[in-house]
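Below is one structure. I have some questions about it.
First chain written, first letter: the chains are A, B, C and D, and each begins at residue 1.
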């Protein structure tokens, strides 16, 4: 299993050496960090031909304020059901141009994942057939999973005691 | 048919018939058989589905964002609310990802208990699936029979941890409290009873010609396509792919237990039904082995983090963004817990339930992404149901076994 | 299936009919709720209560604020004063918004002295939101109401005495058996 | 009929009115309590209790239901075609009730003693569909519309095997009158029609389920697919009328099965000869017991089976039931030709 993964990574390095920033391991999980602007569609296509047939998940992380790296990272977790090896791609995406190539045509299961990332992070997936908000209403403003999204709403949330007070005050005017 | 789901207005149907116009129906979010608040925009020709577009998010509670402001132990009750039908699996999945991050190994008794309750939850979930699936197809008696048995399992949960649905029983590094021998004995006695009841459901459905007519050849998906569309769990195994996290990424006590992964052939609704029923039997087998092999000892690792574990407050940068805006950003340099990121999955009742966790060392998840099987399964719904009838759509929604709490998170 | 000769004999359908007919003569499993009660198992996580100490007659809370800290839904609010003589904390307010509570039981698990508890009392529907807002007096009253129907001599809770959990993980007072004698009168 | 000939017209009308009142009263009562029985039996078959709260054993439940239905708000959707929307439930109920007029409940108790009884029932059953189609069309809801369409095609397909299977019975009795059908069959070689015409009986039974929109053919109101089909938009008493219509047509079908295939109020000659005391049982009671059994069967089947799909139902009708009923007709013709 390990050998097979090493083989794939060797070939990976040969083909896409220009884009690879780091290949590392944490708790036995191998990941590849790819630089901003990598041809992710080609890379995923390559992985697919290598037998990674199951896209376990696709998501993004916002590394706001982390020094020296682009702000976003789109994460692809692949698994090969036949060979039993998994590989994670971490594609860096800059804040100025949050655009990534879509992989829906290679992995149809990425459809909703990409929409979710678009919805919650504002990263656009170029070539996605139906890129619109999925979990939030279409008219929502902002992208909540970004770290600079306001944690407090414009109106201060009222806790219960304040609500009771308000109700009593309004009750004095005959408003229920 | 292109991958793009067409909305009503964009829809142009090319047909010879000049009088033809498609019928559009918005099915849900309060339709009796959309299993929660799923909404489907259907484009029909008569009763035949030409296209459909799922609309989700009605139950979105921002769990992933919420988790970022809690410590690792506090997030666990949130995961109850994912797939609330089998909350044990979610809790275990979350506990596992944190354990793997922190490098904790639960003691054997904790592992076995967790495996046992997970399998009980799987049976409970499959019972609810069978109940609603059968009700969708019109067999209303199975619905109540399944609830009869599910009630017993929920009773066990109540005995074990004091709650029936949102259990929060596993904890990081084991389980929260030990189970009395008396309760284990009761669960052990429940196993033959449950075998008998599964026979009863099969007697009502498996051979029934109406059930066969309604399920065989409906919602067929080949093995390759099923993998490509991200189906996991019994929905994938119905297509003949023996992909089971319990075998591929063994966790807890599963490597020490003997069980099979039932696999279907045709990838239709009937095979998925058959797989789930067999899986219930396998689950019973696992529970039996768990109770028989249950070791003694503590149920929780000594290095398990406390519920009120220490956390570092994240820095706030208020001035630049106005008074009301808080920014939580990465803590560089502090390390209460290991830094890193990992993906770990468990075999939830619905499929692969994955947690992608990024730790910045502060004691709170920097990012917690939940790979919910229902979410992916719904994205495969248009593919599965095009060309079928409305009645089949109901069967297909049932066979995918979706829970909106998990899908919308 | 269709080639099976039994297909013409409707054996599949008759088998199904037989199962439902058998059930017709079995005992139904319904529990007629207001008249019959389901058994509530010990340590069920139900209505909140502050344990009234049988000696002092007051709550046992020492205002350590651990419950406030762990509550995932942040529904607990505790206010305290410092006793000028001894320097000890004295709890003055203890508020729980029961409508926000998710009944995870973390508060009773983390409480070092067993002051807060989720009782086995589950029937407490209310008509107004105010009634579901439990302050200290109400929480103590909840305890009295619960204990009035409690039949055992001492009350103890699974989450006070965590069986099978290593002692390292427990706060010091909880390492020995924690229980409250039930006083009737 | 012996009654009418010697009586003046107004008396005759009075007698007919009294008969109608009796039949209506009995059947409305039965329909109400069939709902109760259905809920109770379904409940027990599903390991639960069924209604229990109103009255002893929940016996007053139908009355409570009636009161509830009467006092509920009568909603007419803004999108609905108002007139048709209001007429539709009446149509369903009327054409269900009219069927009862030609059914003999006793050798000498029949409201309208017409010779073409069976034909009339078939005609009215077809007309009753209009109520459902109109309800689906006029509700202004797409679910209702689909329900109405399903009903239309369903009834269309099932009228034919229903009539064809009845044709065998009619041919055997050489009469369209239900009384003649009973009298001929109990004195025939087999005693009851179900033995020579087992195929016809099965076809008729299946069609009866389909005609009355009962499970497993309750597609027009399939609640998991079409919410409630054509009754989605109805509330209060209008919805109650639909249910009343459904239950009365269930009774009509049960009556037809018992009369056409099981000898109605009489026992087959071999049974009556073997057990002479059976003759002492009042004929109406005998008929009632047979009818109750079939009503129980309706409920029993509903508790057990899943629902067919719309197109499967149609193909079953055209590909299986119609050929079977034709074969049945041929068998009857053969028997007739042989003269047994």
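FYI, contacts are C-beta pairs under 8 Å (C-beta built on N, C-alpha and C of every residue); 3 or more make two chains touch, one makes a residue touch a chain.
Predicted model, so just to flag it, every value in this text is computed and none were measured.
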Item to complete: Average the CA atoms of each chain to get its centre, and name the chain whose centre is farthest from that of chain C.
Response: D
Discussion item. Of the pairs B-D and B-C, which shows more C-beta pairs in contact?
Written reply: B-C
Item to complete: Find the geometric centre of each of chain B and chain D from their Cα atoms only, then give the gap between the two centres in Å, rounded to an integer.
Response: 45
Worksheet, complete the sentence: In whole angstrom, the CA-centroid distance of chain B from chain C equals 26
Discussion item. Measuring centre to centre with CA averages, how many angstrom lie between chain C and chain D?
Written reply: 54
Response to the item:
Separation of the C-alpha centres, chain A versus chain D, in whole Å, is 61
Practice prompt. Could you list the positions in chain A whose residues touch two or more of the other chains?
Written response: none
Worksheet, complete the sentence: Among all residues of chain B, those touching at least two other chains are 141, 145, 148, 204-205, 208
Item to complete: Would you give the residues of chain D that are in contact with at least 2 other chains, written as numbers and ranges?
Response: 45-48, 303-305
Worksheet entry | Residue ranges of chain B touching chain C (in the complex, touch as defined) | 70, 73-78, 80, 109-110, 141, 145, 148, 151, 155, 158-159, 161-163, 166, 168, 174-178, 180, 200, 203-205, 207-209, 212, 297-302, 304, 306-308
Fill in: Contacting residues of chain C [partner chain B, same complex]
1, 7, 11-13, 15-16, 19-20, 23, 29, 40-45, 66, 69-70, 72, 102-106, 109-110, 118, 158-159, 162-166, 168-169
Practice prompt. Show which residues of chain B lie in contact with chain D when the two form their complex.
Written response: 23, 25, 31-33, 46-47, 134-141, 143-145, 148, 204-205, 208, 210-211, 213-214, 389-392, 394
Response to the item:
In their shared complex, chain C is touched by residues of chain D numbered 41, 43-49, 52, 300-301, 303-305
Discussion item. Going by the contact rule set out above, which residues of chain C touch chain D in the complex?
Written reply: 13, 16-17, 19-21, 23-24, 26, 28-30, 32
